[in-house]
Amino acid sequence: MVVDISLGQAKLDWARNHMPIHKALARRFEGARPFAGLTVAVSSHLEAKTGVLIETLAKAGGQVVFTASVAATAQHDVAAALNTQPGIEGFIATEADAATQSSLRDKVIARQPNLVIDDGAEIALQLVRRPSEIPNGFIGVCEQTTSGVQRLRALDRLGQLKFPVLAVNDSYMKREFDNVHGTGESVLTNLLLVTNRLLAGRCLVVAGFGYCGEGIAQRAKAWGARVSVTEVDPRKAVRAHVQGFDVVPMREAVSDADFILTATGMPDVLRREHFLEMADGAVLGNVGHFSNEINLDDLRDLAIDQRDVRPGIREYKLHNGHCINVVADAELVNLASPVAMGHPIEIMDITMAMLFLSALYMVEHRQSIRAAVHAVPEEVDHQVAEIELSALGVVIDGLTAKQRGYSSS
Amino acid sequence: MVVDISLGQAKLDWARNHMPIHKALARRFEGARPFAGLTVAVSSHLEAKTGVLIETLAKAGGQVVFTASVAATAQHDVAAALNTQPGIEGFIATEADAATQSSLRDKVIARQPNLVIDDGAEIALQLVRRPSEIPNGFIGVCEQTTSGVQRLRALDRLGQLKFPVLAVNDSYMKREFDNVHGTGESVLTNLLLVTNRLLAGRCLVVAGFGYCGEGIAQRAKAWGARVSVTEVDPRKAVRAHVQGFDVVPMREAVSDADFILTATGMPDVLRREHFLEMADGAVLGNVGHFSNEINLDDLRDLAIDQRDVRPGIREYKLHNGHCINVVADAELVNLASPVAMGHPIEIMDITMAMLFLSALYMVEHRQSIRAAVHAVPEEVDHQVAEIELSALGVVIDGLTAKQRGYSSS
Amino acid sequence: MVVDISLGQAKLDWARNHMPIHKALARRFEGARPFAGLTVAVSSHLEAKTGVLIETLAKAGGQVVFTASVAATAQHDVAAALNTQPGIEGFIATEADAATQSSLRDKVIARQPNLVIDDGAEIALQLVRRPSEIPNGFIGVCEQTTSGVQRLRALDRLGQLKFPVLAVNDSYMKREFDNVHGTGESVLTNLLLVTNRLLAGRCLVVAGFGYCGEGIAQRAKAWGARVSVTEVDPRKAVRAHVQGFDVVPMREAVSDADFILTATGMPDVLRREHFLEMADGAVLGNVGHFSNEINLDDLRDLAIDQRDVRPGIREYKLHNGHCINVVADAELVNLASPVAMGHPIEIMDITMAMLFLSALYMVEHRQSIRAAVHAVPEEVDHQVAEIELSALGVVIDGLTAKQRGYSSS
Amino acid sequence: MVVDISLGQAKLDWARNHMPIHKALARRFEGARPFAGLTVAVSSHLEAKTGVLIETLAKAGGQVVFTASVAATAQHDVAAALNTQPGIEGFIATEADAATQSSLRDKVIARQPNLVIDDGAEIALQLVRRPSEIPNGFIGVCEQTTSGVQRLRALDRLGQLKFPVLAVNDSYMKREFDNVHGTGESVLTNLLLVTNRLLAGRCLVVAGFGYCGEGIAQRAKAWGARVSVTEVDPRKAVRAHVQGFDVVPMREAVSDADFILTATGMPDVLRREHFLEMADGAVLGNVGHFSNEINLDDLRDLAIDQRDVRPGIREYKLHNGHCINVVADAELVNLASPVAMGHPIEIMDITMAMLFLSALYMVEHRQSIRAAVHAVPEEVDHQVAEIELSALGVVIDGLTAKQRGYSSS
């Protein structure tokens, strides 16, 4: 594999130029170096925006050790460019197998990180399973995905969590921007370019009307798609209905769908019973952290034939003559498609800043924060929002003395 | 004043026909009569949809005593029609002065209600101020507005709350529908019909990007308005910005505004300094519970002339030659305009059902629920959502056994 | 009938204040008085905005004689206020019967107008039927509706048109604004306020995807309605489909419709076969010039009972137990509903200016313009657009010399 | 250059599967072979969808000779796959210089085509310049772009057109779908993926509010962009304004633009005076047929430095320190970006069908059609619309006898 470091560097340049919050964070903390003496592990989709977070942590004094949370989405040129920078060391693999991934996480853990910035709780889970490996001086984990937070909360309920976790995913500034706008835009642009299909007038099914699902559904509708939504929560089902979406059970939804996207955080959302009902030519994509939202085992089992029909699209032919097309082997559409560049840069500027300042919050409160999954304190949200407004040149009103009195009395 | 009871009855008929959740509640509880032996006070905007809630409480066994939370929006024909029904007694006034309103609330309290369904916490505050009047066997208050919940939470923080409150306003099924869709639609339809103005291409300023403000802003933009947003919370400011709204300080926003709507829950949002900067002909309307979001004292003080320029619109002429038009004396645009019929019926079906089932929850848990402001339990949300889906004929998926296992482990 | 002239005057004041193009026209032509010596007949929906056109014609020297094109929508206070002004004389009736309307048109024709500004070609048709009554010195007709232009084109094809007609309805500046935005906004605001119903999530059927129908459908969808479209033109059907609308035959569309609006320019769009399939409670409204888009004879024939269920809504009960509600007896929803104020003022400023300048064009070219239906010359469109931009304070680019050369060579 | 024919074949397979109109055309005409004995030249963006048109012409009996209208967008694998099919012969170059392109067109003309399906009037202009080369038995040209039709109309006005042209671009079924939806979707998806930038909240300038520009502007706004529009036609300026867009002169628009897209059909839309005012980091893309909408000579002249900053993006650094980024060297964003696949397949199915049936119309009417630019007859539009509806499974209403009578009398 030939890796072009200068291309990785150019990607980092471009990203950095569109991440004004990180520019401000670097300026603010390169003197004080609040992470000095600490090792910070970063496990995330390894591309340019993650790279800028890693750089900024290093500029703020941290010794950063990184790996890729998902092998398929890792960009080797970016990793190589990062590895040339002081205070940064990373390990990524060209092989996507679970054993390789796990061994890389072991290498990260072997560096005895004080903090983990995690994705899908991949490293955190390894530390839960093998508590003896929890580093000395371990401060905690900042987790950025719905799936990861769900896993860690479950462990917390079972009393198995031995370190604090900040649920960065659940914070206002993450989920209202990254999940709604970042996923919304990038999933649709990738889907359309990979397939060269039209959205206007087509039937799109969105499984799950959470932040990601709603962001996708609204954008698709705004461009003329006929969007159906599947849900298991009756409140969100009413929410989707009143926005004009057809809310239907999945078996009904798939029968005339051109596109089906899963965004639930649940396994098996598309499974044998659904594949059998799908329209010929249906295109399937996954938006959740784990590819098991689409049960590919079921699909392979049903298929009488399969082939790569186009870069990034595998076609499965069923015995009923229908072909089902899966984008990027059910890995995240916006990260794993052949044209993928992940979330838009400006969105990741916000998300990564939430991770940075959440990690900093943990450092500053390491004495008092107990082993549990915590919400990110509102003050972190406010800090990021204020830096962002300042970068955008947006000025807002303050409360008058009278209003402050009113709101507190 | 001549009141046409048959017209009130026709309004109730029409509302009832479009409130399927209440139809289902009536069917479900008219046998068991869970409110039997209890007096339920209802203080709310007194029009047909509130009437159907009152009827349904009576059918479920309650002795209902009602008054109008805001005199200006009370419909006397509906009140009269309600007063002919068994188990229902109500008091409303034709005079809008504070003393009259307060005396009517006294009459309601004199009926010794066990439960209060409140609006703006008007009755609850009276009970806080004069705790000796808290009825024997008092169970608690269900509050439906942002303003009311804010007031009661402040009292709770001060330790002055002597009875339990359910913050129905904050529940998912209230604020995501009533505030977003109900307010969103009805404020704009009323504003446009009262003024006969065009929305497309006009400048609309929305003060406050909470649920109500966002609902208005998005609908106005979707019809071609150029919408500016003012906020004091940096997170919501970023939220509005990323949706494409201009986020600006109010003094800047008003200078070319055709319409300015306040939806903040704060007093003095429009005040002297803003009136002086407003474009000639600006139309001002309030969406918050209290009319003091627009400081009419300041405006009257600045005016060199004023007149009713059109039903529902008062024009204030300033010394700079600019005229400022205020809709409905800064009472709620969608309730107090001359063509007003309040929120759409189907929305109030949801909101009123949340009040009904929250009240029922209080009855059922009266032994255990302590004096404080409480969130409405999610099970109440789920009940209303499920009845609504059933009424709409919408069927949704359930979790598979495997998924249930996944989500709990 | 008591008529409040001062209310009529206030309505004219309000309208005039929001019609900057007419303000500019009055300023431009009150000196030159290009209509001096000419009698101009105006037959239109008689309310404040029409009043401002009438005033402006009079200020530009014309002797104006007016009547109401539709009795149900005529505002007597506005008519009375107009009749106090010099150079203006008008006739409207309180009785809506055809004979009365026709006799009023006779009175208008008896004034020997040189120009007719027509609506639905009501006066023009009278002149076609009785050519002996065509006044001496007759210059021609400016027609503002789709229905009227269709009628006159049919007569033209049959060789029965004895005078020139400008099809103002078909001009860019009329149909892209009046039909799309004016009808779009006002039909929905009236429909929602008359019914107090919610739009979000409801099923709305729009018959006809012309300028009016598309304007309604897009706005309804933007507010969360589930919109179906019926069409007879396959090109417009594809157009609607690709925007995400369900395109279906009417019999299928009505079965679960909450609202059905006709905007086709055709009679009998809703008829016996459709009434029998309609969902219980369906609300029907007409947007076309003629009420016969909804065949009320069929509906009355089918009904076993009928009553006014609400101001502006008549309910017909069928033998299948379903009730069908008709708004404003199938007259235009946005003009005839009890809360109606017609199109938004700013839109009528454009439309009325097209009528004014089209009439002026006819005067200036009276020697050369032959008896036929003509498109409005583009220069008239451009004039109105330029005055409007100037009133809005919008500045646009011009072509460079190089670009001008390119576009002409 | 290594060309993978099997990849070209796979691209054709995928396209064919999503072009149901062409499937229907092939079925309908493979027996009758109406193009038998005729040579049809096709000059177009040479990728899979064009390939399916070429195939279908060949199946319908034509001898097809093709070339690429723009070298930069030509896909060599598709060309190679086409060249293996009977009745098809094509020439494309790897060099993009004008001389090479012209010589390929000469080769096409040397095949003595009877019909030309043209793009940007490239071949037609060659025939106008060198009329001696007009083949014997030449029937005419079908032109698919705004730019090409403009050029040919100018020649027609000058009396220099010696053969008939059908302005396919101007037909309803082309411009309402290809220009609005095809360009709208694909320009934005390409722009966003090439830059990895966010659209929500960003400033996008669209030059030209024609079909393409409006399609882009509406979609960008729907995803949260703040969109400004520049226009030279006052009517379209009002149209954009009333949809809520900021209409401004270009010099003003560029000063805070994140993205600037040109869609005017004019040269020099962005030129020296604009480059000097642009915000740092502005991204420029062209949507018109000719890259000269952005004057790259001016930009190169102003630049003190330039480099490829990212695949598909060239950065020009000005002496004021600002960097300006140009996508795809100002070639069409949606065709020339590194991830480009051109218009969505379903859209090109409609456009290509318009070209096919327009060509067929010319064959059938070759005796009567005179040398001039003609509109495509409505019957061709209707045919394509009907086949499309049938492919979509959409059924529409017909007129009743009564309605037919009404509309014709």
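Order of writing sets the labels: A, B, C and D. Residues in every chain begin at 1.
Quick note on the criterion: a contact is a pair of C-beta atoms (placed from the backbone, for glycine too) under 8 Å apart; a residue touches a chain by one contact, two chains touch by 3 or more.
The structure presented is a predicted model; accordingly, all values stated were derived computationally and were not measured.
S.K.: With contacts counted as defined, which of the two, A-B or B-D, has more C-beta pairs across the interface?
M.R.: More contacting C-beta pairs are found at A-B.
S.K.: Based only on mean CA positions, could you tell me how far chain A sits from chain B in angstrom?
M.R.: Roughly 38 Å, centre to centre.
S.K.: Between chain B and chain D, tell me the centre distance in angstrom, where each centre is the average of that chain's C-alpha atoms.
M.R.: Computed value for the inter-centroid distance: 53 Å.
S.K.: Going through chain A residue by residue, note those that touch at least 2 other chains and give them in order.
M.R.: Correct list: 181, 200-201, 224, 241-242, 392.
S.K.: Graph shape for the chains shown, where an edge means the two chains touch. Line, ring, star, complete, or other?
M.R.: Graph shape, chains as nodes and touching pairs as edges: complete.
S.K.: Along chain C, where are the residues that touch chain A in the complex?
M.R.: 200-201, 221, 224-226, 241-244, 246
S.K.: Which chain B residues qualify as touching chain C in the complex?
M.R.: Result: residues 10-11, 13-15, 17-18, 48, 181-182, 184-186, 188-190, 192-193, 196-202, 219, 222-224, 281, 309-310, 339, 341-342, 344-347, 392 of chain B touch chain C.
S.K.: What residues of chain C sit close enough to touch chain D in their complex?
M.R.: Counting only chain C, the residues touching chain D are 150, 154, 172-173, 176-177, 181, 230-232, 234-235, 237-239, 241-242, 247-250, 266-268, 350, 381-382, 385-386, 388-389, 392, 394-400, 402-403, 406-409.
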